[in-house]
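Remarks on the structure that follows.
Naming follows writing order (A, B and C), and every chain is counted from residue 1.
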Amino acid sequence: MNVLQQVVDGITSGSIYGAVALALVLVYRSTGLINFAQGQLAAVSAYVAFSLTKFGLPVVAAIIVATVASAALGAGLERTLIRRFERADHLVTIVVTVALLICGNGLISLFWGADLKPFPAIFPSRNLSVGGLHFTASDVGTVVVLLCVIGLVDLLFQRTRFGLALRAVALNRESSAQSGLPVGRLLMAGWGIAALIGSVAGCLVAPTISLQPGMMDGVLVYALAAAILGGLDSPVGAIAAAWLIGITQNLAGAYVDFIGSDLQIVVPLLLMVLVLLVRPQGLFGRKEVQRV
Amino acid sequence: MTLQDTAMHPLQRAGATRVAGFVVAAVATAVLVLLPLWATPFMNLQISLIAAYAVAIRGLGVLTGHAGQVSLAQSAFFGVGAYSAAYAVDHGWPAAVGLLLAVVVASLAGVLIAIPAVRLRGFAFGILTLAVPVVGVPLANRLSGLTGGAQGKTAVSLPAPEWSGLADDQWHYYVVVAIAALIFLLVHNLLTGRLSRALDLLRANETVAAAMGVPVQRYKVMAFTISAACGGAAGWLYLVPVQFISPDSLQLTLSISLLVALVVGGVRSPTGAVVGAAFYVLLPNVTDKITPGRSYLFFGIVLLIVLLFFPQGVTGGLRSLAGRLSRRRSEPPRATE
Amino acid sequence: MPSRGTATRIAFAVVAASVLLAGCGGRGSTGSTSGSGSDAPGITGDTITIGSSYPLSGPLGANGIAAKGAAVAYFDSVNAAGGVKMADGKTRKIKFVFYDDGYDPAKAVQNYGKLVDSDHVFALFQTFGTAPNLAIMKKANADKVPQVFVHAGDALFSKDRTANPWTMGWQPTYESEGVAYGKSLASQNKPMTVAVLRQADTLGEVFLKGIQEGIAGSEVTIAKVATYTPKDPTVDSQISTLAATKADALFMAVAIPPLMISGINHAVTLGWKPTVFMASMSSSISQVVEPGHLGSYPNLFTASFVKAPDDPQWANDQAVADLKSQMQKSSPDANPNITNAQWGYGAATSLVDALKGMKTVSRQGLMDAIHALKSEGGGILLPGITMDGSDSQSTPLHGIKVERFTNGSWQIQK
C-alpha cells in the first residue's frame, strides 16, 4: 500500500516538473534554444501574483493577471533580448538565458527581499482518500489545472491555424518566412506561451514551497532532465518523462537504502543519462538529422 | 601635421611592437614577483584565488571555448581536486604528491564522464554536465568518511620555509601563482598545431569535421580531460591559501560563475581567463561597498552588458578597440573622388 | 599584432588596479599577519570595531539579514545612549563592519582577511553558520583574533578551549535541544515510538544524536529515521514512509519552514497525528504555525531559549518591545520574527556585557570577560536560561525549554 502512496505522492510533483518541462520544449521548438531562466520567470510571476493578492485581489484572479503579464514578459524578452542572439552559437545562447536567470534572481531579492513569503492557498484545504490512498484537494486541483492548460496548448498547436504557423516556424524558419508568415511575431508567441505555462506551474506550487528567490531552482533541474529524457522536441515526451521522474524518485528514495532521500536527485539524472546513451534523441524525440 | 609624419614602415612597426610586448611582460612579471612583499595577507589571498580560478576557467575554455562544448561540470572537478588535496594533507603526503593526486583523480573522473557524454550533442551534452555537480554535492555530503561530509575538511599545508623569511600567505602566493603560470604554459603548448586546428574544426561544425575525417569523439574526450585536469589542479591551488573545503563551496552556482567568467573574459583567451577570474573574485569587493549582498545581481548585469556589447569578452573587446585605434593611425588618407 | 600586446597591457593594468583597490594599505611592520601586530587593533579613543560575515544573499539570506539586523539594531541603541563604558574609563561607540559570504566558506575566508587586514577589527562577532565558521576558526586562532558568539548550533565551537581558545559559541546546541525532546518523551514512563525526519547533514545528525541521548535508558525507541535535503520541494515521500510506522511521536528536525508546514500537513492528510516536536528554527508562530494552519494540531511542541516577538504572551515584555522598536528603526528590512533575529539580539546583548566587563581593554581581556559572564534569564532570554561562560566544555547558554502550543502561544512546560 505504501508503494501506491509513494506513486500518488509523485504525481503532483511530476505534474509541476512536467509543466516547466513543457515550457522548455516549447521554447526549444520555436527558437532552438534551452531557456535556463524558465523557472526563474515562473518565480517572478508567482511573486507578482503574491503582490496582487496583497493589494486585495482574490488569489485566482491574481494568478490569472500574473500569468498574462508573464506571457507578455516572455514575448518581450524574446523580441528585445533573445532575438539579437538568434545567429549566435550555442554557448552564447545558453549564457544569455543564464544571465536572465541570475538577473531574475537578483531582481526578486531587490524588489521583494530574500525572506520566505507564504503564498495564499488556491484550493480549499481538504483531505481526500480513495481506496486507502491519501491526497489533498490541492493535489487533485493542481494536476487537473495543469492537464487542462497542457490540453489547451496542445489543442492550440494541433487544431488551429495559429498553432500550425507556430509549428511551421519551429520546423523551418527560412521557408516559413518565405511563405509570408510573420516569423518574428510567432517567435514571440512561442516564448509567451511557454512563459504562461511556466507561470501557471510556479503559482500552483507556490503555496506548498513558499516564495523565495531561488524557489524554482530545484524544479528546473528536474524539468531539464524531463525535457531531455522525453526528447527535446516532444511535448508528450516531456510530460511523460516528468511523471516517470516524480514517481521513480519517490520510490527509489523510499525503498533503495543507499539512495535515501538526500540522493533522490540521482535517480532522474541517472535515468536521463542511461536513456540518452542508448537513445540520444530521448524517449520520444525524433532523430536529429543535420544537413551540411 | 600630416599622416606621413606618423606613418611607419610595417616592418618597423612590428619590431617596435615586439619590444613593447617584452617591456610589458617584464614589468608585469616584476610587479607579480614584488607585490606580495608589500601587500596585505588579504590581497595575497585574493590574488592566489584569482590564480586558482583562472586555471579552472582556462581549463573550461579548452572544452567550451576551443572545442565548443558547453560544460557545467567544472565545479565538480574543482571539488574533486580540492578533496584529493585535502586527502593528501590528511595523510601527511608532500604537497607535490597532493597536486599530482588532484590532477590524476580529476582527469580520471573527466575521462569516465567524457566517454559516454561525448556521444551527445549540444544541449543534451550541456544538461548531462549539469548533472555532475548536482549529483556530486549530495554525494560529497554522504561520503563523509572521505570528504568530512557537510562539515568539510580543514587542510593546513605548505607553511613558509625558514630560509625564505616569508610569511605563510606570501609563500602560498608564490607557490600558487608560479604553478598557475606553469599550467597556463602547459595548456598553451598543448593547444598548438593539430589539436588546436582539430578543435577549431570541431567547434565550427561537428558533422563536417567528422566527414573530413577528424576523430571527433577522441578530440572531445581529450578536450574534456584537459579541462577536468585543469579543474582538479585549480582545486589543489585553491586549497593552499584557503585551507578549507566543504560542499557549500561546490554548488552548481560555482560552475555557472566559472562559465560566466569565461564568457566575460573571452572564451579562447588566456588573458581572458585571468580577467574573468579577477572579475569573479573582486566584484563583490566593489559592489558590497555600494550595497551589501547584491553582488550576484551585478554579476548578471555585467554579463548582459558584455554579451550585448562585447561578444568576444572583455579581452576581445579591448583587442578590437585597440585594433581600431591603431588602424586609424596608420591608414592612408582616403581618396575623395 | 599590435592589438595583442595592447590587450595584455590593458588587462594587466586592470587587474593590478583592481587588486590595489581591493585592499589598500601595506603590511604591518613585522611583515606577517597584522592580527598580532598590535595589542588592541580596532580600538581608538572613542570607537571599537567589531566585524562579521553573514549570508546576506542566497537561500540563507533572510536568516543572515535577520541576525545582522538584530545586532545592528542593538548596537545602534547602545551607541545612541552614548556607547559602552569600558574599564579604562573611556566610553566607546561600536562600529560594526560586516560582509556577505552567501554561506560559501571560500567567501567567508576572504571576508575574514578583509576584516582583519583592511578593517582592523578588534574581534569577530556572530559569524554565521557551521561551515563558514569552521573555515575561519583555524586562521582566527592562529592570528589570535577573537571569534566570539558564533551563530551556529554546533557544539564543536565551544568544546575544545585548548585547541581553539579564541573561538566561542553562544546559543545552546541543537544536540541539547534533541536531548530535551527525548527527555520529555522519556518522562512519560511508558513504551513509545518516535519517528524522525532530519536534514541530511551534520545539523540533522546532531539533532538525532540529541534525541537518542535523551531517550537512552527509557522505554522510548526510535521507529524510523528519514532524511531530506534543503533543496527538496516537498517531504511527502519521507512522511509517507514514516507514517507507515504509526509511531506515537514525530521529531521534525527540519530547518526549512515550508517543508515543516507541508510535512506536518501531509501527516494529517495520511490520517497520522503523532505528537510533533518542531525544531526551534522552524516553529515561529507568524512564520510557520499560522501560515501552515497548524494552530489546531493537538500535541505540538518545540523548544526555545528566547522570547519570540510574535508570541502574544510576551506582548508586554520590555525586552521584546525594545527589540521590535529598535529593529524597526535600524533594520526595517530584517524580520524580527525569524529566530535568527532573536538569537542575534541576545548575542549582541552578551557582547556588550562582555565589553563592559573587560578588565583590560585588549583581545585577551575580551576572552577573559566572556569566560567570567554569569547570569540567569533577563533581556530577551527566557526565565530560567542560565549564562555561564566559564564552562570550558560547552556553550555559555544552558537550559533550553520545551514548549507546547496552547491557546495561540508557546507555553513553557515544566
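Observations on the structure shown:
Here is the rule we go by: a residue touches a chain if its C-beta (ideal position, glycine included) is under 8 Å from a C-beta of that chain, and two chains touch if they have at least 3 such contacts.
Keep in mind the model is a prediction, meaning the values are calculated, not measured.
Seen from the C-alpha centroid of chain A, the farthest chain centroid is that of C. Counting C-beta pairs in contact across B-C and across A-C shows that the higher total falls to B-C.
If you average the CA atoms of chain A and of chain B, the two centres end up 33 Å from each other. Note: centroid distance chain A to chain C, computed from Cα atoms, is 36 Å.
The residues of chain C that reach two or more other chains are 57-58, 61, 65, 200, 229, listed in rising order. Counting only residues that touch two or more partner chains, chain A has 109, 114, 260, 262, 265. Shared interface positions of chain B, i.e. residues touching 2 or more other chains, are given as 138, 141-142, 293-294, 296.
The touching residues of chain C, counted against chain B in their complex, run 1-12, 14-16, 18-19, 21-23, 25-27, 31-34, 56-58, 61, 65, 98-100, 102-107, 109-110, 113-114, 116-118, 130-132, 134-135, 137-139, 200-203, 229.
Partner chain A is touched in their complex by these residues of chain B: 64-65, 68, 70, 116, 119-124, 126-128, 130-131, 134-135, 138-139, 141-142, 205, 207-208, 211, 256, 259-260, 263, 267, 293-294, 296-301, 303-304, 307-308, 311.
Taken in their complex, chain A has these residues touching chain B: 28, 33-34, 84-85, 88-92, 94-96, 98-103, 105-107, 109-110, 114, 221, 224-225, 228, 232, 260, 262-263, 265-266, 269-270, 272-273, 276-277, 280, 282, 288, 290, 292. Per the touch definition, chain A reaches chain C in the complex via residues 2, 5-6, 9-10, 12-13, 16, 109, 113-116, 118, 125, 127, 129, 134-136, 205, 208-210, 212-214, 217-219, 249-250, 253-254, 260-262, 264-265.
For chain B in complex with chain C, the touching residues are 13, 17, 20-21, 24-25, 28, 31, 35, 37-43, 45-47, 49-50, 138, 141-142, 149-152, 154, 156, 167, 169, 238, 242-246, 248-249, 271, 274-275, 278, 281-282, 284-286, 288, 292-296, 314-315, 318-320, 322-323, 326.
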